[in-house]
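Have a look at the structure below, then the notes.
Letters A, B, C and D name the chains as they come in the text, with residue numbers starting at 1 for each one.
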Amino acid sequence: MRTGYLVPQWHVERWLNAESPLTLEDLRGRVVLLIAFQMLCPGCVITGLPQARKVKAVFSEQDLAVVGLHTVFEHHEAQGQVAVLQAFLHENRLDFPIGIDAHARPGALPDTMLEYGLEGTPTTMLIDRRGRLRLLKFGHVDDLQLGAAIATLIAEDRNASAQGDLDMDHGSRQGQ
Amino acid sequence: MRTGYLVPQWHVERWLNAESPLTLEDLRGRVVLLIAFQMLCPGCVITGLPQARKVKAVFSEQDLAVVGLHTVFEHHEAQGQVAVLQAFLHENRLDFPIGIDAHARPGALPDTMLEYGLEGTPTTMLIDRRGRLRLLKFGHVDDLQLGAAIATLIAEDRNASAQGDLDMDHGSRQGQ
Amino acid sequence: MRTGYLVPQWHVERWLNAESPLTLEDLRGRVVLLIAFQMLCPGCVITGLPQARKVKAVFSEQDLAVVGLHTVFEHHEAQGQVAVLQAFLHENRLDFPIGIDAHARPGALPDTMLEYGLEGTPTTMLIDRRGRLRLLKFGHVDDLQLGAAIATLIAEDRNASAQGDLDMDHGSRQGQ
Amino acid sequence: MRTGYLVPQWHVERWLNAESPLTLEDLRGRVVLLIAFQMLCPGCVITGLPQARKVKAVFSEQDLAVVGLHTVFEHHEAQGQVAVLQAFLHENRLDFPIGIDAHARPGALPDTMLEYGLEGTPTTMLIDRRGRLRLLKFGHVDDLQLGAAIATLIAEDRNASAQGDLDMDHGSRQGQ
């Protein structure tokens, strides 16, 4: 999946923390932070998910939606259980909508993960108000750069054309 | 459970990462770091268990044994599944013996947790070469103080009498 | 000094890392991060100044200027020496312009510190493209919120009117 | 300077935070943590000196002495001023004895730094109750390992023979 292009609809078999299924179209007009995670992935528990919670607390809900995508590609039997995931969300105080990635092809990666070409978890994606992918990063994302990227997208006029990749690499090479 | 006294035998219904059931008597002569945890407890994943792994790497196995105790007192249905725990251990690269706390009284706390009087997870315990409890701390334990406490116990002569509480409180009030 | 209002000109008796004296007017059209510090203040060395360096690395120089203000209000004899400050800048790899706050009234606070009403060091200020104060925070500023605040100001049209306080408090209450 | 050998007397031209000059002989019978630092060295302010303060708070004064050595090998004119160092100690709340390394040969390294063969700052040294060097590390020292090393030395009988290098490298390769 390349930055600057429309993000194809995700394939979710079940939603938690949501009253009804959520589509990308429902979120059009807002910036979306989409975090792909697995509940047994330590990097998700230690950095990715706490950062997503913090993002939700810092920005206004009118401007930004935080959505989780549970993409189980390891330990299916263990991580594929909804009751365990629900307990996990409770313990980690994650109250934003969580979609469970569909899995049409046994033995293959989950459907959305495959279509989006995700490398692993955690992966953080930013989608602009018009539905275009603007940032996709596997692993740790620096707080300063993430805050800047989100605010940049929030500030974009809804009618303005997307400007491609936010080019976080510049900063991540030099930052820290 | 008070420091300075012999630790009663734990009640474990099943061991992982161990070829046969492990008893406190088996470990007599070595210092034991016992960490009580739950796999869905964020504080365990973020601080308690990585610290236990680091302790295992820093000290010699002849001097110190690291043992985990999975004490499920919340979300039994979710955390009580051995397959999920096994995946968790794999993902968090925990290769020391893990005992699953027995649970004879449904609705009550797990047996060892109850007998030891543990407040929650993570809880770190240090047991000396003679089997006596020397430190019991719920929550975060400072690295500097933990390293000092373990080395102090390792240095004690096997025949010397235990000297009671290591009095970590002194330091934790002033440290920072 | 209240957010939303024009920042009065600073009073600098000498500039380091600058070929000629720098005025707020020189920077009009760019966002300015102004960090007030003292070289012997541990919080400045540990958090404030490294954050300013990181901000400089992450954002484009065309959009953002980072400026330091050395406001000596303690240990004048020690911190007031330019040779020591120069060595300090070298050791901390600070290469952005640093103004030394003027000190017209012996025994009083330095002039800019007094006029701006700064409480201590480090203090971080954000000034928008039109020269108005938009954020003033004494102590630690969260990276996520700072990145968002700077990007928000960068995105503002140069002709648009300032919108007052960025209201970081909302986030800092809830973040963490 | 090799571990296991007696540490030669330091060469100090002036002591701060001490009523009278301090010698290694004065400290015989206690373990000594000696931290070599420069006040304008960021790594000293950020990690080395706060760690030394924490060590002082955690261990008993009867068992351990913490001593600082200000070894100015860069920016002599700036860092060589006692008034600046005094302000620095005050701001960083360092209340243990600080020796200013003597400097008999202009253009060369300070005397103690040269004799001890120190590579830079911060450098942490541990000296046992009998005056022998047991650990010498340039740069960051892990808290868990430092706590263990100090407690190990404290536990050694005053009459027992030194056992050489504490071999922190074993742990540092595997820890983290």
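FYI, a contact is a pair of C-beta atoms (placed from the backbone, for glycine too) under 8 Å apart; a residue touches a chain by one contact, two chains touch by 3 or more.
Note that the coordinates shown come from a computational prediction; the quantities given were computed from them, not determined experimentally.
Taking each chain's centre as the average of its CA atoms, subunit C and subunit D sit 36 Å apart. Distance from the subunit A centre to the subunit C centre is 34 Å, each centre being the mean of its Cα atoms.
Here the CA centre of subunit A is 48 Å from the CA centre of subunit D.
In subunit D, no position touches at least two other chains. Interchain contacts close the chains into one ring where each touches exactly two others, per the touch definition above.
Every pair of chains meeting the contact definition is listed here: A-B, A-C, B-D, C-D.
The touching residues of subunit C, counted against subunit A in their complex, run 51, 54-55, 57-59, 142-152, 154-156, 170-171, 174-176. Residue ranges of subunit D in contact with subunit C, taken from their complex: 39-42, 45-46, 74-75, 77-79, 81, 83-84, 86-88, 90-92.
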